[in-house]
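One structure below.
Order of writing sets the chain letters: A, B, C, D, E, F, G and H. Residues in each chain are counted from 1.
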Amino acid sequence: MELTVYLAGHVHGDWREVVKAASKDKGLPIQFVHPQTEHDLSDAIGENILGEQPNDFFRDDAASAINNLRTTVLMQKSDVVIALFGDKYKQWNTTMDATTAINLGKPLIIIRPKEHIHAMKELSNKANVTVETIDQAIEVLAYIYA
Amino acid sequence: MELTVYLAGHVHGDWREVVKAASKDKGLPIQFVHPQTEHDLSDAIGENILGEQPNDFFRDDAASAINNLRTTVLMQKSDVVIALFGDKYKQWNTTMDATTAINLGKPLIIIRPKEHIHAMKELSNKANVTVETIDQAIEVLAYIYA
Amino acid sequence: MELTVYLAGHVHGDWREVVKAASKDKGLPIQFVHPQTEHDLSDAIGENILGEQPNDFFRDDAASAINNLRTTVLMQKSDVVIALFGDKYKQWNTTMDATTAINLGKPLIIIRPKEHIHAMKELSNKANVTVETIDQAIEVLAYIYA
Amino acid sequence: MELTVYLAGHVHGDWREVVKAASKDKGLPIQFVHPQTEHDLSDAIGENILGEQPNDFFRDDAASAINNLRTTVLMQKSDVVIALFGDKYKQWNTTMDATTAINLGKPLIIIRPKEHIHAMKELSNKANVTVETIDQAIEVLAYIYA
Amino acid sequence: MELTVYLAGHVHGDWREVVKAASKDKGLPIQFVHPQTEHDLSDAIGENILGEQPNDFFRDDAASAINNLRTTVLMQKSDVVIALFGDKYKQWNTTMDATTAINLGKPLIIIRPKEHIHAMKELSNKANVTVETIDQAIEVLAYIYA
Amino acid sequence: MELTVYLAGHVHGDWREVVKAASKDKGLPIQFVHPQTEHDLSDAIGENILGEQPNDFFRDDAASAINNLRTTVLMQKSDVVIALFGDKYKQWNTTMDATTAINLGKPLIIIRPKEHIHAMKELSNKANVTVETIDQAIEVLAYIYA
Amino acid sequence: MELTVYLAGHVHGDWREVVKAASKDKGLPIQFVHPQTEHDLSDAIGENILGEQPNDFFRDDAASAINNLRTTVLMQKSDVVIALFGDKYKQWNTTMDATTAINLGKPLIIIRPKEHIHAMKELSNKANVTVETIDQAIEVLAYIYA
Amino acid sequence: MELTVYLAGHVHGDWREVVKAASKDKGLPIQFVHPQTEHDLSDAIGENILGEQPNDFFRDDAASAINNLRTTVLMQKSDVVIALFGDKYKQWNTTMDATTAINLGKPLIIIRPKEHIHAMKELSNKANVTVETIDQAIEVLAYIYA
């Protein structure tokens, strides 16, 4: 049984590659999808396609429309969602993706550092499972096939 | 990840072939579906199958029933909808298809000329992305795979 | 049993007052709601609330966002939708409202002039009832209570 | 037509009272509901009801369960959601409530300061309307009745 | 707790009045709604409103559209559906209403004579309760309040 | 694009084989599914599996439970439903299957003889297309691929 | 804001009266509904209405059909569900009602004794809140209004 | 037509292997999935992944979160659910899985011993089919392909 897993979270570092490698090591038949991870492209995609916008507000709005279309398509194709929260950034997109997973009935694994326990308590309570490391999340995925 | 994209819009010219060729050029794994594009067949299909009708009203009603069945099947199979509005025609079917995509949660790209900005503002506001050219719409599709 | 009926359609003339008066004459316990009917206010509401926008495109987008919020609230409160199509205008908002009613499972009555039979055939085929005059639409509403 | 409006957002200061007073001044027939605004009570409610927990993590989890039950009941009763983002705090609960409103089809007004335009661009793009002040949000509510 | 009960079934005799009287005798706070029971009006309503149609087929189609709008409004307002099958007639409308109740999750009571046990076995199996007399159906309604 | 089509209708004669052959002749990539067509097996399946029942009523109820499980699985797998009404039998199962298709949003083609126009008018009005012969139904299917 | 709360659980003792009294003491505007609590009536209702059945199996099946209709009506009217598990009985109906609440998105409070922690861990994990006493459940209800 | 069948029920003995072997013997193209059947692993999985918990309560809660994620993924992939109730254990998870199947519209076969007829009457009444042996359940599956 093949599964598609959506990897929500910030776009810094290579954490998604770590996830993919760990999944591959365990031989899990999982395809991973995710939001656009090239930060500059993600910010520029609106003007790249629609042309120059009047100011930064509209530049952002144009980019977000296209990013949202992309993530909507990909999340609708997914069976499980993993949302990684780091110790930096506002991470509102990650929160939005995680909440959408909950509302769509898609099983959700949250990865978050200890220092966010308090601030994320309500979101974490709605998730299926909350862990602290990528390895733990992979173990949860592996358990589906155990 | 293969996607099916429904191409709503008028049935004049060969714009759908342009879309397909552009998608193929970019190597996108996309299958395109669409309403019946042979206008005469679309208008005649009711009488072709059900026989002569009492007058033009019922001729139209018979054709529309069969066209609606066709488009319902195809839209339910689609992951994304593109709706092209030209500078002519009432384009109520295009509006109907676009609105149905919105209501079904299917991501929607609208292509419309500048002169329709005002008349289409509420519909455009509900779409995921509104662009002005076919090339821009293809770029949005390509971005899903970027 | 009180019903709420949403009156979709253009904002010219006083056709909604005609509907309300006719309903009152028949003693129907119906509350009517509808999109913003003051055209200038509808176009200006974005800048009225959000301040001046960079150009006409963004002026329209700001207004449409607020108009869409308003109509979404009101349509969700409705039991029946009447969509009136006149012989002028693009009437894309009317089409969008009518299609939304269909997709939400809200019973839909279309009023349209004879000259639009062909152009509206697919939309009309999906509506519950299509009539040509306001009086006929009122008779349909009255029949719910007959 | 009475409406119920859910006020998502941080629990510091008296901004919800400002909203209620402004709505009352305009004579809007609106009932407001919201998450628990007494911060200490919100944090302690788990142990208040369930007794002492093993540590802070479980104290938080107990409280969040009861807060989530409360907000779920209230949001399901609402017709519109307003989500206020300030210039401090992580505001993940506000994001979660806003996203839930989007996913439930409940019309959403976001209030956020200019400095968050970039960080909130995807969420803002999915909202119906985004404004910068409470007064603007009240004007949007008033427009429903205009 | 007031309930609305939809009475599906043929339009011959006064069985719905028997139901209403029995419910009133037991003091049940129930409002009853139902399809148009004046058979002639039900058949003529299409031409009454839309004018003369080309032939019997279109006369029937016009009437059915308006009858369907009416019953859709009323069933959406209902909490329980009772479907009475007699020993005559095709009763396809009754079957259609009963099946719609099942699919909408509205609790369904079927009343049918013994001679239809075999022919209705699959429909009956999907209903919540199947009884043989109106009195039994009223007892089921009364049990909700017991 | 392969489609699955559910063939609702009576189980007398070989009309489903006619449909399959006609579809094959046209080269349509369609898989057909349908209720149990061996009438005796359909009636006996309850006792075959569950053992002898107290009387005919319970024999029928046992069979219908298993038949309903079977058809529910198959209809959920289908993209289009064809419901054939002949000139005999009550055909309540056919009506139930047709109504379920309507309620599930699955496009529905009804085949019915002229003599049933009046009795089936409301059901026919809710179907996407109503035809009189199997050949016409096949032409509608072929049109999806035209 | 008035709420309706469904009280699932065994029908022994007077625990539901305790709940109602405690709610009244706190002045909560809550209406309580629940399954049939007269055990003998609950078991006999099938034969009471449908007449004598062939054996105990069919006596039970007849009763359960009517009990299920009753509870379905009442749960659909509810805003919150409380499920009390005692230290005796199989309590499968309580489990069924609790799970239905979860699946319908109705907020769920479970009351269960400590000795069932292990056996109920998966169900408890899906509930919004799990407590050990009726008083605690009432406190959760009161917190909705706090 | 391949089907996926979810096997809910206790994790003692090898009854799932019996089901799989019987299905294979009949040549049914069915893939079976199920909850974690290694009881010790199922109880320990929370601490295995999340580390030691404060006490048994939290050990159970951690395990149940991961078990629920697993079963949610698998049930969403299934076309039919079989729930086996034995003569021992509380079997609340089995009840929860069976009820979830009912609420999701997934056809449900219950296997239960005669001594549970009374205690399970309401759940059984909501299932599609209730049988007493595994062989009978397999016959029902085979009938889908008959």
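Here, contacts are C-beta pairs under 8 Å (C-beta built on N, C-alpha and C of every residue); 3 or more make two chains touch, one makes a residue touch a chain.
Everything numeric here is computed off the predicted structure, so don't read it as measured data.
Participant: What are the mutual neighbours of subunit D and subunit E in this structure?
Facilitator: Where subunit D and subunit E share a partner, that partner set is C, G.
Participant: Strictly by the touch rule at the top, which chains does subunit A share as contacts with subunit E?
Facilitator: Chains in contact with subunit A as well as subunit E: B, C.
Participant: Please flag the chain sitting at the greatest distance from subunit B, going by CA centroids.
Facilitator: Following the centroid criterion, the farthest chain would be G.
Participant: Do subunit F and subunit H, two copies of one chain sequence, contact each other through the same residue numbers, with over half in common, or through different ones?
Facilitator: Counting which numbers both chains contribute, under half are shared, so the two copies meet through different residues.
Participant: Degrees of rotation, nearest 5, to put the Cα trace of subunit D on subunit H?
Facilitator: Copies differ by a rotation of 180 degrees.
Participant: The A-B interface: which of F-H, D-H or F-G repeats it, judged by over half of the contact pairs being the same residue numbers?
Facilitator: When the contact pairs of A-B are compared with those in F-H, D-H or F-G, F-H matches.
Participant: Please report how many Å separate the Cα centroid of subunit C from that of subunit E, as a whole number.
Facilitator: The answer is 31 Å.
Participant: So how far apart, in whole Å, are subunit G and subunit H when each is placed at the average of its C-alpha atoms?
Facilitator: Here subunit G and subunit H have centroids separated by 24 Å.
Participant: Determine the centre-to-centre distance between subunit A and subunit G, using the mean Cα coordinates as centres, and give it in whole Å.
Facilitator: Measuring from centre to centre gives 38 Å for this pair.
Participant: Going by the contact rule already set, what residues in subunit D reach two or more other chains?
Facilitator: 65, 68
Participant: Can you name every chain pair that touches?
Facilitator: Pairs of chains that touch one another: A-B, A-C, A-D, A-H, B-C, B-E, B-F, C-D, C-E, D-G, D-H, E-F, E-G, F-G, F-H, G-H.
Participant: Using the touch definition from the top, list the residues of subunit C that touch subunit B in their complex.
Facilitator: Against subunit B, the touching part of subunit C is residues 56-57, 60-61, 63-65, 67-68, 71, 90-93, 95-96, 98-100, 102-104, 116-126.
Participant: Going by the contact rule at the top, pick out the subunit F residues touching subunit B in the complex.
Facilitator: Contacts found on subunit F: 1, 3, 79-80, 105, 107, 109, 128-129, 131, 136, 139-140, 143-144, 146.
Participant: Looking at the complex, which residues from subunit A come into contact with subunit C?
Facilitator: 54-55, 58
Participant: Using the touch definition up top, name the residues of subunit G that touch subunit E in the complex.
Facilitator: Contact set of subunit G toward subunit E: 4, 31, 33, 36, 38, 41, 45, 48-50, 65-66, 68-70, 72-74, 76-77.
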